[in-house]
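This report concerns only the one structure given below.
Chain nomenclature is as follows: A, B, C, D, E and F, assigned in order of appearance, with residue numbering initiated at 1 for each chain independently.
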Amino acid sequence: MFYHDGKLQYTVRVDKPNPQFAKLLQQAIGGIEGEMRVCLQYLFQAWNSRGPQKYRDMLLETGTEEIAHIEMLATAVCLNLEGSSSALKDEMAMSNPMVEAVMGGRDPRHILSAGLGAMAADANGVPFNGSWVVSSGNIAADMHANVMAETTGRVLATRLYEMTDDSGMKDMLAFLIARDTMHQNQWMAVLEELGPDAYPVPNSFPSSLQHENVAYSFLSTSVNEVSNATGRWTEGSSIDGKGIFRFEKAVPTGGLPVLAPADKEIHGQIEQGVAPDPGFIDKVKDIIGG
Amino acid sequence: MFYHDGKLQYTVRVDKPNPQFAKLLQQAIGGIEGEMRVCLQYLFQAWNSRGPQKYRDMLLETGTEEIAHIEMLATAVCLNLEGSSSALKDEMAMSNPMVEAVMGGRDPRHILSAGLGAMAADANGVPFNGSWVVSSGNIAADMHANVMAETTGRVLATRLYEMTDDSGMKDMLAFLIARDTMHQNQWMAVLEELGPDAYPVPNSFPSSLQHENVAYSFLSTSVNEVSNATGRWTEGSSIDGKGIFRFEKAVPTGGLPVLAPADKEIHGQIEQGVAPDPGFIDKVKDIIGG
Amino acid sequence: MFYHDGKLQYTVRVDKPNPQFAKLLQQAIGGIEGEMRVCLQYLFQAWNSRGPQKYRDMLLETGTEEIAHIEMLATAVCLNLEGSSSALKDEMAMSNPMVEAVMGGRDPRHILSAGLGAMAADANGVPFNGSWVVSSGNIAADMHANVMAETTGRVLATRLYEMTDDSGMKDMLAFLIARDTMHQNQWMAVLEELGPDAYPVPNSFPSSLQHENVAYSFLSTSVNEVSNATGRWTEGSSIDGKGIFRFEKAVPTGGLPVLAPADKEIHGQIEQGVAPDPGFIDKVKDIIGG
Amino acid sequence: MFYHDGKLQYTVRVDKPNPQFAKLLQQAIGGIEGEMRVCLQYLFQAWNSRGPQKYRDMLLETGTEEIAHIEMLATAVCLNLEGSSSALKDEMAMSNPMVEAVMGGRDPRHILSAGLGAMAADANGVPFNGSWVVSSGNIAADMHANVMAETTGRVLATRLYEMTDDSGMKDMLAFLIARDTMHQNQWMAVLEELGPDAYPVPNSFPSSLQHENVAYSFLSTSVNEVSNATGRWTEGSSIDGKGIFRFEKAVPTGGLPVLAPADKEIHGQIEQGVAPDPGFIDKVKDIIGG
Amino acid sequence: MFYHDGKLQYTVRVDKPNPQFAKLLQQAIGGIEGEMRVCLQYLFQAWNSRGPQKYRDMLLETGTEEIAHIEMLATAVCLNLEGSSSALKDEMAMSNPMVEAVMGGRDPRHILSAGLGAMAADANGVPFNGSWVVSSGNIAADMHANVMAETTGRVLATRLYEMTDDSGMKDMLAFLIARDTMHQNQWMAVLEELGPDAYPVPNSFPSSLQHENVAYSFLSTSVNEVSNATGRWTEGSSIDGKGIFRFEKAVPTGGLPVLAPADKEIHGQIEQGVAPDPGFIDKVKDIIGG
Amino acid sequence: MFYHDGKLQYTVRVDKPNPQFAKLLQQAIGGIEGEMRVCLQYLFQAWNSRGPQKYRDMLLETGTEEIAHIEMLATAVCLNLEGSSSALKDEMAMSNPMVEAVMGGRDPRHILSAGLGAMAADANGVPFNGSWVVSSGNIAADMHANVMAETTGRVLATRLYEMTDDSGMKDMLAFLIARDTMHQNQWMAVLEELGPDAYPVPNSFPSSLQHENVAYSFLSTSVNEVSNATGRWTEGSSIDGKGIFRFEKAVPTGGLPVLAPADKEIHGQIEQGVAPDPGFIDKVKDIIGG
């Protein structure tokens, strides 16, 4: 169960409302790098958690914290929108086309749909999408999904930090950026705890069942003789310690694919032939030259 | 520029067509863990690459390989669907409800829309979504997105491996599982090359600007006195080596949020008040008790 | 800020795991009638709330409760999936096509993507969509959105109740159905408090500005002489008490729409003409006969 | 069957084309509050209607009227776009960055994809989504969905009214706002006709089967002692007249959720354990400490 | 404006309700090949029509007819679902897993969300998407979009025809298939009327501005010496009569792409360098080796 | 399998970076008319190809070429974004609201999410959608889908050409416009090869099974006596040569649809009645008046 106290985790202050910045902040709410994603991702991972209890508990702790981050950002959007519709109206009514342009950097739905409130959408107004919530049932894969979410999330937050000179907004973002630092470290700490034997993920699939001969080969698909794509990944021991990196030219070993004609019920064109009616095939053989 | 030879990277053989398995394979094509995502992700990262040339080259090498993986899986879907529509017709026409059920495990659009072919969709027929293609402009974040894609991708492939007894399909999947092993290692090798100073990502944002006091604190949101969520992430040096993990109870420091009434143009209800028209507020004060 | 205790609001018990029912339960998690929608809707309405403080507080209370409902349903999905993948494997491997069909009623992504866990998606695997989260900035419109969510939500829950004979699941659903009863009443109580002057929503738009002559007319678009569509809405005082219902045949008063040819830069076909270049129009006049 | 006469239901006049306003109007066409949603919603409810014939007839009458509303708005978009691409070209070519900004408030796809026409999308260019079309099979739930659609729809229309000074556009919107007034009343009239016994929706589910002890309790999830969230909904008779409102602190009665380890086929990490293979569990017990 | 008479354009009769077939029919309602798409596409093309009036009139005629087709198919879905929920309940309650599978071929939302009604979604429950509604502002491109919609639509209808033995359903589909025949011919008739000078579309872009040297060349991207991809399109006069088809090996003439380092505000990794701050670049030169 | 050489098919040169134009270019990458769609469409059609081999080969040739077009456009987006974030920061920080507006025409995610790179999205930031990838299994329908894609694609490219005065961008677009010319011709060449007997598509469905009496009738749904919608499509031989065009007034022959009450488990309102429980119906007869 969940509880609340109505207070903000950290101060949200806007010195000068800026509807354009409100739009940018939406990316941190409902964008793929945003707080709705990490919040729901950690909560679903907790609820679906099978295995050591401490991971479930930890995910629940942090998933709950992230609700407060959405709350802070939603409040920041609201404060940045205050007074903005009156200004917009005046601008829209002016005859000067330059003035009319002011609404450009805004999300019009902040006025039309949300009445000066935050939305479950990204900086372009594209709605939050549940497919971004990754809970795979494999804890190592989940932790990598979480590190990924926090790295792209912190990159987003630092970009937002650069896009504003509002000291209140900078202060709030500096708080969120610090939390992203912790969360990056937190999920990496789980990976450290799982240890090097976690790889390749999943570690419960016997390596002997995979095609070992291509499990540590960098396959070059370049038509050029010499590749510039060499590095740590083309020589030395593999990162998982279970193989030796190799550089190879990719070659096709699978031959040309051959598909049968489609069943009659599919209603391709006659020229495509049909299966498995040999009579029909005889009839159209001349046409399709097959 | 890109080239092709029409051949498969590895053999695709289906001993016994199985339209249900064709549906499952769609997840590996157009699902979030699938090959379309990694293919486009690596190619966009290559095309957008700013920085050391070898990373662009490597991304292009592997992004190109992934096109061949989509090709293999699409071929596998086609082969698994052969002869399946005739059977379906017979089943649909039978009076036995059990028999009618056979179509249950299928994707009906494999027949209705694709005519026994593969689609750019997942195992539930949900279309591939471009939002899954992550290219952040930060190479460390991108590499984490790639490791994540390959761990969830390999988990998916091993589950598909378990879901079939077709030796041809198992053989193809064993090949793809091996390639996922390499690709996990490959992106981790870049991270190793970038070194421990890569964290927190982005490493170009001065740490002094973030709220250092919460940058390495595990904040517990539990109402319980004692937490079970302790571990590597609550004590010792942080993974990025730049702080010491701490355990703290989360407390709100931001106070209650206060929003102004909305502008008149927003047309909330009268009872909500309006801004910035003080006359209007006076008029409705009794009603809203504010 | 938000807190948790890791416990379930009400018991979640599954006597006999049923992966088909797990799929149905997803509609109550990530479907448009589901708990993710109401949870986020109430929280966003709270965070965006401008006006009397008690409404913000109430929305926050109930929005927080709904997180616990998602938690219960996610747990129910997990419990219904236990042991189901082993069975599926056996079934898939059997030669009897009837047996292979068993997987039909399942969401394959419960295995492939979530590893026997719940997802942020509906009963067809379609991801949760942020556009469903309605927070309009008008409290009466918001309350109607909430009543609607709780009526469709309770209808869904009663249908799920009918679809299972598992006593644990029936017990959990009976709890959720009761909460939906309360929440329907709760939002209607706000509407009662706002009173009859709340309509038409928004009540802050002066009625004199609308076309009063069609504000209370039922317009019949039927080509038939006599309409069967009469009722309370075609006679008597209007529900908002501000007009008299009338029945009228709809008639077009707007004439035929006339659009100018498109600008030259749009590159329609020559036959469509262009604006505002009269020379070009002269040249193609014979062709388009305009 | 359906018929048309090619005329507009009401005059659509644009005194001064404004591509920015064309973008805003898209919300009223293809947005969640827009006319496509209500049109399709009423038509699907009519086509799916089971029960008294007059409701089907009424829904068909009004669903058909709404097609004419989309027609009016599409025409308004077209008229607002006339001459706008030529201007845009000039602006794009100018070196002054201020001038380049003019295109900001436009939907670029009005030019690129629609050639100065309307689209089935919202004000941000997000496509219309069929999930918004609610037809639940329960007439009370459907009517509430319709009231909700007309309240958010009228709020949207009044905001658009504020955003323009074009007298033609104001006149058209004043017509649509009046129709929204009627339609709000119309659906509420059905609810009045259904009477107070319609609640809780669905009224066909025996109340005795729900957990009556929580069916009329406002559950407070606040960690604070005293709640500010009291009101009509915490005391007195419930709105449906079937209970007494109570205020209670929410408490968890469901205990901690316990999930079994996942099946082996799911390929979690070894550290997560597997079910139902006891041998495997024994083998990894030391590692996972479970 | 639009009108209706409540009657079906053609008889909809279901001899034996079949919920599985109801699911398949959804593709013809809300799928990309379905009637919602063509209906809205023709109506939007009519409303956006600039140019000869007769095309607007014709699009309006046929767009209006298509509403009646959605109506027929929605009715067919409803009739196929009658009595199906009772059966489902019984099946779900049985202990035999084979029996439980019966629900496999159904769309569960037909029960859970629509209460035995049709939905604005495809055969997998994926919602109708407004992006499918093509209205380009170029009449030749629009007509090609329409021919495409009617060819894929008729292919879909014939596949549905094969999937049922219900004589009522076959009769209804035979009617719709005939209408698709007419509509294919109808849009091709417009293209015939526009004549051969319509190509390449748009014909209002001066051909001299395109790179004529590659305007009629089939570029082979195969790494193989000899191509099997020759045909009508590699020799002879081009179809538009304005060039001669050629076969050429594709060669890259654009050189290697070179991107500058990203701006500092973007916060890539230090190793990626930044622009345009040369001092920063000096500082990290050793690291990135650039 | 696929290969690459890292070079661009044609020069991509940007004389003056323009982030607004970068946004417009996104439509040609990830929009429905864009290169991702045609690329994936041709590749999937090739991989799914059943029938004459040469069509598979040709589709593979051109699908591979289209990857290079995405590459060119992604490079163009990157080059147009260079240096743009620094400028944006300065603009955002300025107090002049006119200046703040500059960001209007940009896609904010080009900075926030992609770090000055291209995305798999359209000009409004709406993600690429896999549903646009049409591969029907019928070669004639596929070819019409391809002609449609290339006509709308070329229209888009010519509009982009008009929107820029950058000579590098014009040169690149002139190359792509020429390739669209070839591809339009190429798919029409296949249709020419298939010959007039390809229609109506699919030609494998016996025409005798469709309702021939309405297969060549233009059905007028206008309530007006005289139609202006006559033309080539209302008289003379049909385009497929298999019928004679007729003009007819549309009339409903299907009568009024009659649906049974819903099953009890569906939980409509009592007033809607239920099936198949006659006792229940008796009980509520008075209420519903049925």
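The definition used in the following text is that a contact is a pair of C-beta atoms (placed from the backbone, for glycine too) under 8 Å apart; a residue touches a chain by one contact, two chains touch by 3 or more.
Treat the numbers as computed from the prediction; the structure is a model and nothing was measured.
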item: Given subunit A and subunit C, the chains that contact each of them; value: B, D, E, F
item: Pair joined by the larger number of C-beta contacts - D-F, B-D; value: D-F
item: Rotation, 0 to 180 degrees and nearest 5, that superposes subunit A on copy subunit D via CA atoms; value: 120
item: Rounded Å distance between subunit B and subunit E, as computed from the means of their C-alpha atoms; value: 25
item: Distance between the centres, which are taken as Cα means, of subunit F and subunit C, whole angstrom; value: 27
item: Where subunit A touches two or more other chains, by residue; value: 1-9, 32-33, 47-48, 50, 53, 57, 60-61, 64-65, 68, 71, 75, 78, 85, 89, 98, 101-106, 111, 113, 115-116, 124-127, 129, 131-132, 136-138, 140, 152, 155, 158-159, 162-163, 201-202, 204-205, 221-223, 250, 252, 257, 259-260, 262, 264-268
item: Touch-based graph of the chains, sorted into line, ring, star, complete or other; value: complete
item: Interfacial residue positions of subunit B with respect to subunit A in the complex; value: 3, 5-12, 32-33, 53-54, 57-58, 60-62, 64-65, 68, 71-72, 75, 78-79, 82-86, 88-89, 111, 115-116, 126, 129, 131-132, 134, 136-138, 140-141, 144-145, 147-148, 151-152, 154-155, 158, 161, 174-175, 177-182, 184-186, 188-190, 192-193, 199-202, 204-205, 207, 209-223, 227-233, 238-240, 243, 245, 250, 252-257, 259-260, 262-268, 275-276
item: Of all residues in subunit B, those that touch subunit D in their complex; value: 155, 158-159, 162-163, 223, 265-267
item: List of subunit E residues in touch with subunit B within their complex; value: 18, 20-21, 23-24, 27, 31-33, 87, 91, 98-99, 101-106, 122-126, 152, 155-156, 159-160, 162-165, 221-224, 250, 252, 257, 259-262, 264, 266-274, 288-290
item: Residue ranges of subunit B in contact with subunit E within the complex; value: 1-6, 47-52, 85, 88-89, 92-93, 97-98, 100-109, 111-113, 115, 124-127, 137-140, 194, 197-198, 201-205
item: List of subunit D residues in touch with subunit E within their complex; value: 1-9, 30, 36, 40, 43-44, 47-48, 50, 57, 60-61, 64-65, 67-68, 70-71, 74-75, 78, 113-121, 127-131, 133, 135-138
